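The first chain written gets the first letter, and so on, giving A, B, C, D, E, F, G and H; residue counts start at 1 in each chain.
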Amino acid sequence: MDQTRLREILKSYKDGQTELDQVVADLRHLPFEDLGFAHVDHHRALRQGFPEVIFGQGKTPEQVGGIAARLLERSSNLLVTRTNPESFEIVRQTAPDAVYHESCRAISVRRDTSIHGHGTIAVVTAGTSDIPVADEAALTVEIMGNRIERLFDVGVAGIHRILSRRQVLDSARVIICVAGMEGALPSVVGGLVNVPVIAVPTSIGYGASFNGIAALLGMLNSCSSNVTVVNIDNGFGAGFVASLINRG
Amino acid sequence: MDQTRLREILKSYKDGQTELDQVVADLRHLPFEDLGFAHVDHHRALRQGFPEVIFGQGKTPEQVGGIAARLLERSSNLLVTRTNPESFEIVRQTAPDAVYHESCRAISVRRDTSIHGHGTIAVVTAGTSDIPVADEAALTVEIMGNRIERLFDVGVAGIHRILSRRQVLDSARVIICVAGMEGALPSVVGGLVNVPVIAVPTSIGYGASFNGIAALLGMLNSCSSNVTVVNIDNGFGAGFVASLINRG
Amino acid sequence: MDQTRLREILKSYKDGQTELDQVVADLRHLPFEDLGFAHVDHHRALRQGFPEVIFGQGKTPEQVGGIAARLLERSSNLLVTRTNPESFEIVRQTAPDAVYHESCRAISVRRDTSIHGHGTIAVVTAGTSDIPVADEAALTVEIMGNRIERLFDVGVAGIHRILSRRQVLDSARVIICVAGMEGALPSVVGGLVNVPVIAVPTSIGYGASFNGIAALLGMLNSCSSNVTVVNIDNGFGAGFVASLINRG
Amino acid sequence: MDQTRLREILKSYKDGQTELDQVVADLRHLPFEDLGFAHVDHHRALRQGFPEVIFGQGKTPEQVGGIAARLLERSSNLLVTRTNPESFEIVRQTAPDAVYHESCRAISVRRDTSIHGHGTIAVVTAGTSDIPVADEAALTVEIMGNRIERLFDVGVAGIHRILSRRQVLDSARVIICVAGMEGALPSVVGGLVNVPVIAVPTSIGYGASFNGIAALLGMLNSCSSNVTVVNIDNGFGAGFVASLINRG
Amino acid sequence: MDQTRLREILKSYKDGQTELDQVVADLRHLPFEDLGFAHVDHHRALRQGFPEVIFGQGKTPEQVGGIAARLLERSSNLLVTRTNPESFEIVRQTAPDAVYHESCRAISVRRDTSIHGHGTIAVVTAGTSDIPVADEAALTVEIMGNRIERLFDVGVAGIHRILSRRQVLDSARVIICVAGMEGALPSVVGGLVNVPVIAVPTSIGYGASFNGIAALLGMLNSCSSNVTVVNIDNGFGAGFVASLINRG
Amino acid sequence: MDQTRLREILKSYKDGQTELDQVVADLRHLPFEDLGFAHVDHHRALRQGFPEVIFGQGKTPEQVGGIAARLLERSSNLLVTRTNPESFEIVRQTAPDAVYHESCRAISVRRDTSIHGHGTIAVVTAGTSDIPVADEAALTVEIMGNRIERLFDVGVAGIHRILSRRQVLDSARVIICVAGMEGALPSVVGGLVNVPVIAVPTSIGYGASFNGIAALLGMLNSCSSNVTVVNIDNGFGAGFVASLINRG
Amino acid sequence: MDQTRLREILKSYKDGQTELDQVVADLRHLPFEDLGFAHVDHHRALRQGFPEVIFGQGKTPEQVGGIAARLLERSSNLLVTRTNPESFEIVRQTAPDAVYHESCRAISVRRDTSIHGHGTIAVVTAGTSDIPVADEAALTVEIMGNRIERLFDVGVAGIHRILSRRQVLDSARVIICVAGMEGALPSVVGGLVNVPVIAVPTSIGYGASFNGIAALLGMLNSCSSNVTVVNIDNGFGAGFVASLINRG
Amino acid sequence: MDQTRLREILKSYKDGQTELDQVVADLRHLPFEDLGFAHVDHHRALRQGFPEVIFGQGKTPEQVGGIAARLLERSSNLLVTRTNPESFEIVRQTAPDAVYHESCRAISVRRDTSIHGHGTIAVVTAGTSDIPVADEAALTVEIMGNRIERLFDVGVAGIHRILSRRQVLDSARVIICVAGMEGALPSVVGGLVNVPVIAVPTSIGYGASFNGIAALLGMLNSCSSNVTVVNIDNGFGAGFVASLINRG
């Protein structure tokens, strides 16, 4: 809520410049900045205390560039997910320090590198092919000010791999677990630790993997009680929630 | 193919009692015993060298009883799956040594207890609730003349449980792996051994388990290459194939 | 891992009573207590520092009673989910202080009521019909030692309902959001706060709600980045993870 | 029914030029103009009092051009949906005043700009990416002679956005609500107004959005009773029905 | 928004009894009546000018009775959908004029019978088995003050049935079209009229009707542009929206 | 179309008793007999030359009885499908010669036993459990005046069973092929003959048979080109079409 | 079965040149011509009395060309479905009279144009976009020696279109009905005639048409009893079965 | 488990260089070789006694090349599945004897050609289009040291084709059965033999084949008890398990 405007309305009423009925009517409809194609929501940034994020899919490079430029006027850090090199070209005209992350098709601007998270966030993948999604999660975790530990290609078909790296799991405050195919890794990891595990199904696989449905269902039915799930390939969401938990 | 009849036809032709055209016509249509409601297929018993099996679902107690009586005239062992106490009452009028297995709703008659399998078959379950399906598999394995080892409630959320019992897995010639919910156990077991693993999804779970679909998809997408899959809750099929493999 | 046994093995080796090869072999297979139908996993209780939990579905009253009795020898608090009055009758023979929660069909024993969570956990429902699932979540949250705040029947069709109770949301460390039908509540709640929101789809609805699939999909696709999801009707899982987050 | 022809048949009968039996036979089969590949249905235009509409998908540019030319002989306004620039090139050879709408891939010819609707139709979207579908709806609404108000990017994750623009909703006679992902916007909007809300799910999203199924299911299960739904991405249908309601 | 309370807050501020900061804080959280298990939303009744409606599914008879009693203190008309005789028994203790509608399992109290709709609403069904859903729609239409016309069992397999009753369709301001199985009726009806058609798929059918999915999909894909769709078996929703349209 | 009425209208016009405009208006709306809850469609009986059929599902015994009584006034043969003993009790009050078929839950009245079909219709099932659906098909085939040949329990797992009975297939004019589980029988039968094969999937099976979906999909994808498919468990439909083909 | 070879074997036995055991063994395994990548099945051609058909999908141009050349040595007519111009180029090197049908991507060779069917087959489509599938059906019908009548773009949204062309339907012996979107046309057509209607769902549509699933389900649930269904877009199958029926 | 390291730890303890507590801690975390993007699991090769296998999908050519080079230092045989010519170019820089298999997009290196399997493995396909998947299975079978017999294009629509080649089936120790469309072949083959049949559904087909789902469901519901199933198009998995069975 726009307090400046709100206080003006109230003061104007107290000063007798506005009638009560008018105040009641005014309060019902507060103005809102309008870019034409997207409401830029600065309040949200304040409310959540995190970098601005643009969901790039379905937006033209011009739209991405326009929103990014505006957001960077007020925010130190910016993340654009599911975007492309064309959008990056436009963003870096305004922000020369922007970085393009090819594996997860993201743009980041990180001007504030302070650490906000209390512990370490572990990002774990079942296979090599799950790494792009894990990279999106890791990038989110880092730009939101967290220490991170990566543990890749430790799928359950070679259970000794994850067991031999248990130290990483044991020292984490939150674990992001990325897996495609049967999506069994979060159940195993969840059973080894007593911290929250955020499971990210990936669309890796073929045939009856149905682009990640098999992994998604596996994770929703996990027999480990400390597992919650985000959408297929949603590395960003997992990184975002993990950061929230790590700040608490 | 009914060789006795075939040889008669051929001899009759050689003896000049039948014309060539008649022989050709006769050969196309061989007779077949008919019970009225079910063709009792003795050839199949001979061909596969195994006990007779009746799929009880959708058959009336009278149908089960009738088929069972007829089959037991020629076969030592009999298994009726997905049946009920009513059918059992009728079957044991003919076969007083029949046994009803309540947990997996099966009837067995086992008059020949010789061992045909070379090794041991391990039957493993993820949870306590998967036991009825495992019991159907175990009953099938036993009636088909195999040594068996049970390993129940060793799901992946407590990975040390299966690891601490690896000796059972290591000494098996085939492993039947029964699991509901996310169905992750076959992937872990498959990675620990170098023998075939037959995965049986169960309908245990709720919500997004969709009566076993989640487990089924997880198993079909297993990252362990030695896993094959049978239908949801099909303990019998798993036991049957395991026995075939163990005889080879 | 069973350290007593492990230390004995090692000492026996150091004392020269065991050969090196034997030690290596011994270490690969550690013994494990076996109840016959369920491995009682005390390590897990220690590992996770939480009450023991029995998933009641698919277990007979006798199984539930047997496991419960054994667990209560070592644990102060116990929760049995998805159970029934028959199981309760058996449990309270051993534990007269056990309580049966009819709305969510759970049994609880709570002998240790100390508080472990740092903040408050809010449990929010969209409709009156979602309350049984919310009750399971709330019971879990309480038995795990957390302060709780309930906010029921604040679905999005009357958006002023949730807005007028924002104080509850603002003061929570974690929010559990329970909704059936279109499952839109977590998106709205997620946009109002900057803490993790755990969304629980319920099977409430009819027709194209497909027993909770509509709500589940809605939550997985939430446009609020702080939302993670558990299985349909899985109030326990949501309460468990919320407690983990609140302890961090 | 072709009244001219019908009246001729009847008169011919009254004049004695046709026998009764012949009249009865004639009446059963009325002739119909045939373009070869598409029956041009002028009656429908008369019956519904609206512009002619061509569904462009699956039609060649030549087919679109041929039908368009013929329709424009009798109708002032024309709309071609789901078409492409190739078809536009052919259409504008006949109709130089045709306009191509790139965002929603539509062609319009609007020679009659009179207003038929009594009130205003609001077109609302949850996100920026939903705009192409909203544009198809808006174009339909306009060519059918309605006043329109647009309200874009007011998704439920920032509930203050829609609340701060309630004046637009309050002044509308019908609301078209376009949303992808979880499709929650129609439920919130529906709760704020007492006019019909036509919900249009879009295929925006990824993973478990299943190309709009999640949004579609969410809308069908809306807890707001004034919501009806059209097919995924069917902006035209929503605009068409909204116009019908606004004329009533 | 509760204007009385709002005006008090403002006046108190103007009178100097409250500080500006306190006013700002107060405005953010407005109180709300709480029944314990359900927020009774009187504002909604005012806002929409319609009878109060209780969705009975998942509510105990006591809950239904309690909410009903409270609502009837302020509202003349009441509708309870998806309920049962047990709830009716409790409701009529408070409201002796309540009526139970067996075919659609609804309770109605209708004390105000004034007509608000401008035209007639036609309720059409494809088959005899669809009548219960049509009855729910018709009851809603009537209690909301509309003239109604019923046209039952006019499915498309006997196309002359609907054609011979076209007068009913021609004189309607809105048409509710109820159909199961293939759900084709709305497409035919939609092509015959130029008013909005609200299609209600029913769960009538078997096999590949999948409890109404076939009809639902058919209606969503209708080739008639004036068709919108509500949830499977949602007669109430169709009646509600039809009434809104008829008032416009 | 009601010719008597039509001819009256026309004659009245020719006689000068009616104006042209009135005739045109009259012709648009022809009267139709109405039973209150179901239009009894005598024209359809005439048009198709077959017995009257009542789809019993979702109809009360009173509705079934009422429609049956009325239809039997004009038709010799009657079939009621998906009905129950309660409906039969009412039907046989009017028609003492009615017969109840328990296996397929149908009522038949057959007063005209003349043969209309040119050849024989074979009804084939894969298993014993498919027989109820086959019985519905066979009953339909018989009441519509066809010679019939039954061939039950000849599923593809024992391919010699169907091969040894090829004479039955070879002598049929149409074949109805009923199968559940994987639904493979129509493909094999289709490859053995050069007549139309109507495949009826049944809901027999469990787990991934999904109540007949597996069989339905198998049949729709049959590699035999002479196979068409009807709904799951739709024995009546198969019998009806087979009879039409056999009359041609 | 290869009678020549069979007779030789039998004669050789009668002549004493072969022993009985050898004959029995020989009879079990009859030789079969082998092209290397496809068994060319001449028996099938003889058995079914129809042109040879090659399913082109998934075959290389070389495979199509090789099989076609071989088949044309013995058969007058040939049809290749789901093929492409590359395969056509190779086929016409062997068969200069081959024709490529672009709309349905088929190759035909028709050297024998005699008529085998007794009546006329009508091919009807709901929309213009369904024509390619109808063309495949029509081509099949023609090459199999039938008279044909086309009736395109007569979908149910303009019901007068199909009604005004009833003469075509009334004079057909079989009707092929091709429709996408909601697939309602076969139900209407089926109700107008008393001959078999073969319904072909097409993948025309978008969103919830799910590439033809909506149309497929609609047709399987048709309330007209004379409708059977083939696979989505399977014009060939419909034409094939229609031809079989028309020959009967 | 890394025995060298383990023995060092133990000896160091016995020698008094390490304290007991340190040994216990050390044993919990064993080191593991790390390639950076993929853990190369040599133990797995030893454990399973088979060639190394790389799942190529989702890996860059550089990743494939790197892993291949490393594996070939210790293993004689290598298989890369679901790969491409680009990866092959890199692999053959290290291994000039590598072979690219175009039909199944695989790379093989076979330096050890000894035979390990006891019997013959038959690879059977329903159609010509299923051959690429069969080739992947065959390649796997060969590189794992088995005798193989191919039997292609013997689908069930021409049942004599498979019957005339029964000798191949009769002499196999395991059968791999590859089929798309309705996937009926494994049921027929399974009924003819008494050895394990591994069914591989393929994505061959169109429309309601749903990219292999129809075939997958058909196989899971096979009425032949000796059938197990692998993922759609998973020729490798089938070959792998068949080889394990053939070694037993």
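In this text, a residue touches a chain if its C-beta (ideal position, glycine included) is under 8 Å from a C-beta of that chain, and two chains touch if they have at least 3 such contacts.
What you are looking at is a predicted structure, and each value in this text was computed from that prediction instead of being measured.
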item	value
If a chain touches subunit C and subunit G alike, it appears here	B, D, E, H
Subunit C and subunit H, separation of their C-alpha mean positions in angstrom	40
Inter-centroid spacing, subunit D versus subunit A (mean Cα positions, whole Å)	38
Averaged-CA centre spacing for the pair subunit F and subunit C, given as whole angstrom	53
Two or more partner chains touched - positions in subunit F	1, 28, 44, 127, 158, 191, 207-209, 213, 216, 220-221, 231-232
Contact pairs between chains, per stated definition	A-B, A-C, A-D, A-E, A-H, B-C, B-F, B-G, B-H, C-D, C-E, C-H, D-E, D-F, D-G, E-F, E-G, F-G, F-H, G-H
Touching residues (chain side subunit A, partner subunit D) in the complex	1, 28-32, 37-39, 41, 43-44, 55, 57-59, 63, 82, 201, 203, 211-213, 216, 231-234
Complex contact set, residues of subunit C against subunit E	127-129, 131, 152-154, 158, 160-161, 164-167, 204, 206-209
Of all residues in subunit F, those that touch subunit G in their complex	44, 47-50, 53, 118-119, 173-174, 191, 194-196, 198, 216, 220-221, 225-232, 236-238, 240-241, 244-246, 248
Residue ranges of subunit D touching subunit C (in the complex, touch as defined)	126-127, 155-159, 163, 181-184, 187-188, 190-192, 205, 207-210, 213-215, 217-224
Interface residues, subunit E side, partner subunit A - complex	1, 3, 6-7, 10-11, 13-14, 20, 23-24, 27-28
